[in-house]
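Following this message is one structure expressed as structure tokens.
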Amino acid sequence: MSGTSYGWLVLAFPLAGTLVIAFGWLRPGGLPGRLPGWIASGAILGAFLSSIGALIELQDQPEDARSLVDSAWTYASTGDFKVDLSILVDPLSVFMCLVVSGVSFLIHVYSVAYMDGDRGYHRYFAYLNFFVFSMLLLVLAANFVVLIVGWAFVGAASYLLISFWYRRETATRAGIKAFVINVIGDVGLVVAAFLLLDKTGALDYAGVFAQADQVFTHNDGTLVAACLLILVGAFAKSAQLPLHTWLPDAMEGPTPVSALIHAATMVTAGVYLIARTHPLFELAPAAADVGAIVGTATLVFGATVALAVTDLKRTIAYSTISQIGYMVLGVSVFAYGAGLFHLMTHAFFKALLFMGAGSVISAMGGIQDMDRMGGLRKAMPFTFAAFTAGALALAAFPFTSGFFSKDEILAFTVERGGWYLVLAIAGYAGALLTAFYAFRMVFRVFYGNPVAEARELEQGHLAHHAPANPATGEPEDTDVGFPAEEHHIAERERPMRAAMGPLAVLALLAGLVQVPGVSDVIEKFLEPSFADSHFHDTAPSDGSEWIGLVVGGLISLVGIGAAYHAYVRRRGVTLELRDRFPRVHAFLVNKWYFDELFEALFVRPVATAGGFGRAVIETRFVQGFIVGGATGVVRVGSSFARSIQTGYLRGYALLLLLGVALLALYFLLASS
Amino acid sequence: MTLPLADIQAPDIDYKALSPLIATIGGSIVVLMVGLLRGRRVQTVLVPALTAVSLLTAIGLAIWTWEPGVRQPIIEGSLTMDTLTLGIAVLVYVAGLVAVALSLRAVAAREAGHGEYHSMLLGSITGMVLLAASSDLITLFVGLELLSIPLYVLCATELHRRTSLEAGLKYLVIGSVGSATLLYGLALIYGATGAMQFDAIASAISSDQVSLTDPLLLTGIALLATGLAFKASVAPFHQWTPDVYQGAPTPITTFMAVATKAAAFGIFLRLFDHALGLSQLQWGPALAALATATIVIGNVGALAQRSLKRLLAWSSVAQAGYLLAGVVVGSTLGLQATVFYLAVYLVMNVAAFAVVIARERVSERGDDLSSLENLGQTQPWLAWPMTIAMLSLAGVPATAGFIGKFYLIDAAVAGDYAWLGVVIVVGAVVSFAYYLRVVAVMWMGGYEVELPTVPPRKVKPVSGWSPEADLRAQPEVAAIAIAFAALTILFGIWPDPLFDAARDIGTALSGLR
Amino acid sequence: MNITWFLVLSAFLFVIGAAGVLTRRNPLVVLLCLELMLNAGNLALVAFSRMHGGQAGQVFALIVMVIAACEVVIGLGIIVAMYRNRLPIDIDEMSELRG
Amino acid sequence: MWFEQVLFFVAGIGALAGALGVVVVRNPFYSVLALVVHLLALAVLFLLLHAEFIAAAQVVVYAGAVMVLYIFVVAYIGGADEPLRPDGGMLHSFGPLFAGAIGVELCIAFIASGLDALDTRGADLGAGFGSPAEIGQLLLTRFLVPFEAASYLLLVAAVGAVVLARRRRGLEDIGALEEVGAPPDRREPPSETTLEVRV
Amino acid sequence: MTIHLSIVLFLPLATGLLGAFLPREMARWAVLAGSVAVLLYAVALLADFDAGGGLQYVTDDEWIPELGIRYQLGIDGLNLFMVALTAIAWVPCTLVAAFREHDRPKQFFFWLALGETAVLGAFLAQDLALFIVFFDLMLVPFYFMIGGWGTGDRVRATTKFVIYTLAGSLLMLAAAVALGVLSTPDGGEISFSLATLQQRSVSEGTQQWMVLLFALAFFVKAPLFPLHGWVPETYRSSPIVTIALLSGVLSKVGVYGFLRIVLPIMPEGAQHWQELFIILAVFSILYGSILAFSQDNMRLVLAYSSIAQLGFIVLGIFALEEKGAQGAVLQMLNHGIVVVPLFLIVGVIAARAKGSESLSELGGMAFRAPVLATLFLIVTFATLAMPGSANFVGELLVLFGTFEDKLVYGLVASVGVVLAAVYMIRLFGRAMHNRPGPAVESREIDGLHLAAVVPLVAVIVALGVYPHFVVHRTEKATTASIQEARGVGQQVVAR
């Protein structure tokens, strides 16, 4: 079998899974027990194995032939607009496939237990499989149109999964928000695609990149515009400033969803996109710099906010935003390998963190607020271990995966020199904050004296609260009851452990595949995809990388220490800080007031315009002026015509003679 | 001093060409005589039958003498029995037949006495044909009066109904003012050209005997136009129309509405397009202005009417405006379009009026709009014809009205009066407002008409109150309604016969553009 | 005597007749005024026939007389009928049909 | 010649006076009489225009027969004076105005006309112009159709008059009750039949 | 295989008349059968159509020689899918209607059938006068259906609808006649046959006012801002089936007219007004979207969304660029195919909310009605032109076409894409998600509507997977239709 047929298989499995579950659901009574979950997981496993198949096929090819395109059929073609439904199998896409399907598989397995008993069990796995299908379509796309299709599909899937518990106003609103912001990104991509088509006359990557060198000069205006529009798409999807606001709200979805879509895979699509279109960015470094700057800004922003918020999931969400900032910075400084490497490691440890969080939240009976947590260490040792592993990786603790990946990015940035150093320093600062908030979570959740739920759990039974919406606290009507009342935690459910275990290992050790001077599996493997890059020589030397690593290691230790100091040794110091700088705290807690800003800038104006249109334009102009005016004239004429119809014979005679007079007058004038 | 009788040689009379006229004159005299016989049968059956016979004979003769091409005037140039005349004549005869049928149970006929009623009807018909055929001024005037005077009487024949008399009086007085004006106009034209025959007038104008822009001539034309416009109920000489149409007995209204218009436009065409054709540049714009005014006034006037007869009267004013557009352009196309529309107009109006009569006789609300309420459910066989008639009058496709308007606009544009075409369609748009109102009342039950409803009247039911019974009581009315509605649709889809006739008629007048 | 004189005279007669129609309310008188208008027409016809030296105008005038007579007869008939129905002999009263 | 002119002015003034009389006088009787005067004056004018036959017909048929009929009707209906009423004032003022406008226009037409013949006394005439014989001959030849049509019209008009004026069953009583010259305002409310369909 | 278009054209009417003579309850089945037969015909057409060929299955007979009106029918890429749309849309609507209780069912189904014939006629006509005949004839059945079987202030609504539309279309009639007359060369026979008219020409000045009159008719029909005064009342008080057809199919006749008549025959005129029309279109897109977003009644949301959608179509046409026109044609099909199921679903929802159609009273219906929710979801996504749907390809092409020469307008219009997402998702969410409204009882979609909606959804999905099926077949005709106007445009640019 050729690599591309494996590619098609990769797509086929999840799609089949979706349909099977969806139609199985229509059976009276649906599918028995956890079967849907297992079907879904099986499908993803199939996709994962097919990806490996593709990998092997690819490795058999010679270096320069590792980019296979295969077209199913003509999607639409008219004039110069020619699009095939085609996939591209090359190291980059295969790498993404592996990460996506691999992590997805584990998260599916986790969900099998986690979502058990939820009334939307079928729906959940149908959606989840559909998401994986879309994500794989996105990464396998061979042209911009198919890319946009996948791009929008993942957006749709994320909408459906965010508002999965659609009885919650908060959830549905969050879903709509995410969807709309994603559509903005889509539009950006559409316009970008047009600009490229207009200039290069092609829409498939190969064609565009081949033409790009000829038609575009360095920093060509059109090209920069196109790249910026691509960035808009990327930022919308990857929750970069200023289009990030949807991601924290997206935490309304079930925790595994947060783990899969809003941490491991979808949100990193932007990074993939930049990497995929790197030939364009290298021709338009101006755009790339914008990407780098925004990425840096975002990573700092995310980290700062993560310091302040107390909702466990939202904290992790902001950390995601911040981490993706690192990736965007990486790919924007043309450190593709590094960026994608961090993408992978981040997928591991962030998914792990979310799983742990999910386990904790279940144990707390749905409570997500860290203020009400504490001392869960003894109650749930497995979760504690896994979560800590994730936290270590996130904090870039020496020799964990995050340690290597993050510092490679920063090393590249330093290597670029010039004003990039500013970015690098910001990056290190962010690293410090990261280490701090990562362990802020650990210490606040697992250390300190156990809360009631924790003690109950030590007794061996789960805490039960009246089901309520964690965001608003409004009671859930259990009759229609999503989510289910019974919940599951890692300590007890084998599938959840089975999912978290491997991830913990990966989080700790995955870094070793890419140790400066020792190993560079990722770099090597991705080599062919970036063969055309002009920035190979800029790769930092192993020595400089090691320096960076040392610095990074120290920073993370400092951060962790600070966290230990603040939350274990001298509890309450943070409270003092908060009281001392209330403004700062408010600023952070309110996420830099981005939501308010958008509310004022876009949402309210549109609503007002709508009101205005309804109240004024419709009634006054359309109905009043146009319709009313026309009918009014006719009415007046009508009443006049009837008012002279007095019924008085002599009046008629008068009008008659008047007519005669006028007519005769006209003719007299005509005669002279 | 005296002349020996021998010197007088009687003019040779082309009896064949004259036969249709003779048929109706003779018919009217016979009918009058027969009407003197007492006996209900004679009165209610024989007399109408004879009238119908004479009309049918006339139609037959008209078809027999039908001969396209320019025909020389007969009898010392006072009559021209060409296709234009005969075409108009046939329309008039058909209208007459309809009137006879609708009058079978009419109060008017009883009040006036069937003999007199029908002979007057035939007299008026003769007058109309005479008018359309006339090719000298005197005949024109006589024909006009012969047309009008019986109608004055017929309008007033429901002698016990105040409005009927009022209609008669109004029609008489205003009509006479109109004909006096016309007479004066004729006098002026005679003075200006010194000729009575149209041909002579035309040649006089073309020769340098009188200049095209001579005030005498043009004033004459103005007064003449007024007189004819009055008969055709063109604004601002339209005001008698609603009152008279409403007041007159409905069968007579039907007859007037279709026949008078046909005759008036017949002479309009002959006089303006033929005799005065050369000065079209002078009178064209004036008539165009009149047409516009008529279209506007007629349509807006009809808007808020509740009396169906009145509504149809206003609409007939508007239709006159459309027809006038065909005259204005003074072209063969215009001539054909006008005649075509006259035929169409006859068909759809008869259908509408028949339904009005059918309802008026049995409904407590007389000819009020509300007398049609929910007709769709109770009497579809009446509601459908009315609907078709309304849609056709409004000019909906697949009805004859649409093609008629299409033809007129075609002629208008071809005659460099494109704006008149636009006026026509604007008028049509407005007209939908009141035509659809009628349709809505019939089909879309529970629809309130804004104006206050009239006090119910006492009606002697034609029969039991059940719709079927009413229908059985006056089958001819329903039959006419259905037949003419069918024709409306038929001509809307297959207008060829009308077009053939129109083409023949187009050849009648020489010297058109 | 020039023809114009006669014509102007007839014009005045026509006007007087018209004015009468517009001002009088008694239908009998209105009929008379109509007669005036017709006669004005007659005068013009005869004058023109004199001018052209052809007798067509005179014939026309003769026939107009006949017609005028007919109108009078019918008019009087209607008036009588109105009277029979006890309707007011006043044309302003006859204004039920309007609008 | 002077004789002719005098005659024209006398007759013309007579005609105008008669016409004005018809319009101005309030009593129908007098209006009729005024019309008779007018007609006679007109007859004289016809004579001046060499239309003997027309003149004769005018006097005999018109001034004679028709007017007699008139008198009868007026007498039957009762020649009550026309009551003054405020309304129609607008008509009283505008009516003559428009009428006058028409008159002015006509005069303009006559005077401005390019026909030279207007300013002559007319073409020279052959013997017997306008004599009964000539007119009669025209009626029987050249204008046969209008002549016959007119006679037919007379018939129809007669029928119409009969229809309108004939007394019918069911009307006798009304007719009988009628005392001549009952002023309109003293009528008892109209009966059922006259009321039907007051739309 | 020969396909006689006259049969397709008059089949529905025939069944309608037949139904009038059948016993009371049989009429509906006759008409339903008729519409199904037409659908089969349409499928045969699609299968048999030769994408490379020009006008096909031509019928050309004399109708009214005096007026130069011919009975000319034919199919090419422009109207192939319009005919298909008509056939596809009418079947489910007739089906749904057939199972509802009407008073006077015979009449209703007669009008329904007449409506199909009229619409088909308008699409098939290859003679300008014939087109206008059917264009105006369409109003009659809809007038009666809305006025006779509607709700609320239906008579006022339907009268307004008819007069409003006629105001446009009758002016178009005048313009059309003028076109026929003025284009006739001296001594030539007057003709309204589109082919002939395309050969002949009228002066540019004349073209300009003619195009304006045509546009008036088509914009009212579409409708476009500010000529949509009839829309709210009509949409509110029509029977659901009628409004589905009105919005889904009839609205296309107008825009179709641009491609079929205005652009090929009056290129200069079209060129002259291009800017104005594009502005109108763009404004309609934004205005319609924003108002759709602020409506509470589901029908009105769809009403204004239609205004926005039609705005896109007009934009694509008057981009006077191949991609744009292609996109417009595709959108004409897509919009029809999504709007019909949307309205049917609105009907279903209203039936589950005690007849209420206002979003504020709905919600939470997805529970226990997953199939309904899924179908609704798919249609919603298609409507908001989710990539992967044919609507996306359509809008993409429209935008691309606009970008070519009119980048700015294109960018403004693309804001409409975002707004579309907002109001459609809002519609879906408010109806299906959140807590159930007071009157809502969540029930699964019934078999009847399932049978009506599922095929349409299937078509939507199929088109989404393989839009090239359409694009391929329309390409030739569309390019031909716009190329002249485009050519003029380029000359203008060149000057």
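By written order: A, B, C, D and E. Residues from 1 in each chain.
We take it that contacts are C-beta pairs under 8 Å (C-beta built on N, C-alpha and C of every residue); 3 or more make two chains touch, one makes a residue touch a chain.
Everything quoted here is computed from the prediction, not taken from an experiment.
Engineer: Can you list every chain that touches subunit B and also touches subunit E?
Structural biologist: Joint contacts, listed by label: A.
Engineer: Taking each chain's centre as the mean of its Cα atoms, which chain lies farthest from subunit D?
Structural biologist: In terms of C-alpha centroids, the chain at the greatest distance from subunit D is A.
Engineer: Between A-D and A-B, which chain pair is linked by the larger number of C-beta contacts?
Structural biologist: Of the two interfaces, A-D and A-B, more C-beta pairs touch across A-B.
Engineer: If you average the Cα atoms of each chain, whose average lands nearest the overall Cα average?
Structural biologist: Nearest to the common C-alpha centre lies chain E.
Engineer: Looking at CA centres, what chain is most distant from subunit B?
Structural biologist: Between subunit B and every other chain, the largest centroid distance is to A.
Engineer: Just how far, in Å, is the C-alpha centre of subunit B from the one of subunit A?
Structural biologist: 79
Engineer: What is the distance, in whole Å, between the centres of subunit A and subunit C, each centre taken as the mean of its C-alpha atoms?
Structural biologist: Here the centre of subunit C sits 97 Å away from the centre of subunit A.
Engineer: Let me have the rounded angstrom distance from the C-alpha centre of subunit A over to the C-alpha centre of subunit E, please.
Structural biologist: Those two chain centres are 37 Å apart.
Engineer: Using mean C-alpha positions as chain centres, tell me how far subunit B is from subunit C in Å, no decimals.
Structural biologist: 25
Engineer: Would you mind listing the residues of subunit D that make contact with two or more other chains?
Structural biologist: 88, 91, 94-95, 98-99, 102, 105-106, 108-110, 112, 118, 142-143, 146, 150, 153, 156-157, 160, 163-164, 190, 194, 198
Engineer: Residues touching two or more other chains, restricted to subunit E: which are they?
Structural biologist: 167
Engineer: Give the residues of subunit B touching no fewer than two other chains, as numbers and ranges.
Structural biologist: 138, 141-142, 145, 149, 152-153, 156, 159-160, 162-163, 169-170, 173, 177, 181, 184, 188, 191, 214-215, 218-219, 242-243, 246, 310, 433
Engineer: Mind listing each pair of touching chains for me?
Structural biologist: Touching chain pairs, listed by label, come out as A-B, A-C, A-D, A-E, B-C, B-D, B-E, C-D.
Engineer: How about subunit E: which of its residues touch subunit B in the complex?
Structural biologist: 64-67, 104, 107, 129, 132-134, 136-137, 139-140, 143-144, 147-148, 154-155, 158-159, 162-163, 166-167, 170-171, 173-174, 177-178, 180-182, 190
Engineer: Along subunit A, where are the residues that touch subunit B in the complex?
Structural biologist: Spelled out, the residues of subunit A in touch with subunit B are 634-635, 637-642, 644-645, 647, 649, 651-653, 655-660, 663-664, 666-668, 670-672.
Engineer: Would you pull the subunit A residues touching subunit C in the complex into a rising list?
Structural biologist: 642, 645-650, 653-654, 657
Engineer: Residues of subunit D touching subunit C in their complex?
Structural biologist: Within the complex, subunit D contacts subunit C at residues 4-5, 8, 12, 15-16, 19-20, 22-23, 28, 31-32, 35, 38-39, 42, 45-46, 48-51, 53-54, 57-58, 61-62, 65-66, 69-70, 73-74, 76-77, 79-80, 82-83, 85, 87-88, 91-92, 94-96, 98-100, 102-103, 106-107, 110-111, 117-126, 129-130, 134-135, 138-139, 142-143, 146-147, 150, 153-154, 156-158, 160-161, 163-165, 167, 171, 174-175, 178, 182, 184, 187, 190, 194, 198.
Engineer: Contact residues on subunit A for subunit E in the complex?
Structural biologist: For this pair, the touching residues of subunit A are 22, 25-26, 73-81, 123, 145, 148-149, 151-153, 156, 159-160, 163, 166-167, 169, 172, 175-176, 179-180, 183-184, 186-187, 190-191, 194, 197-198, 477, 480, 606-607, 609-611, 613-614, 617-618, 621-623, 626-627, 630.
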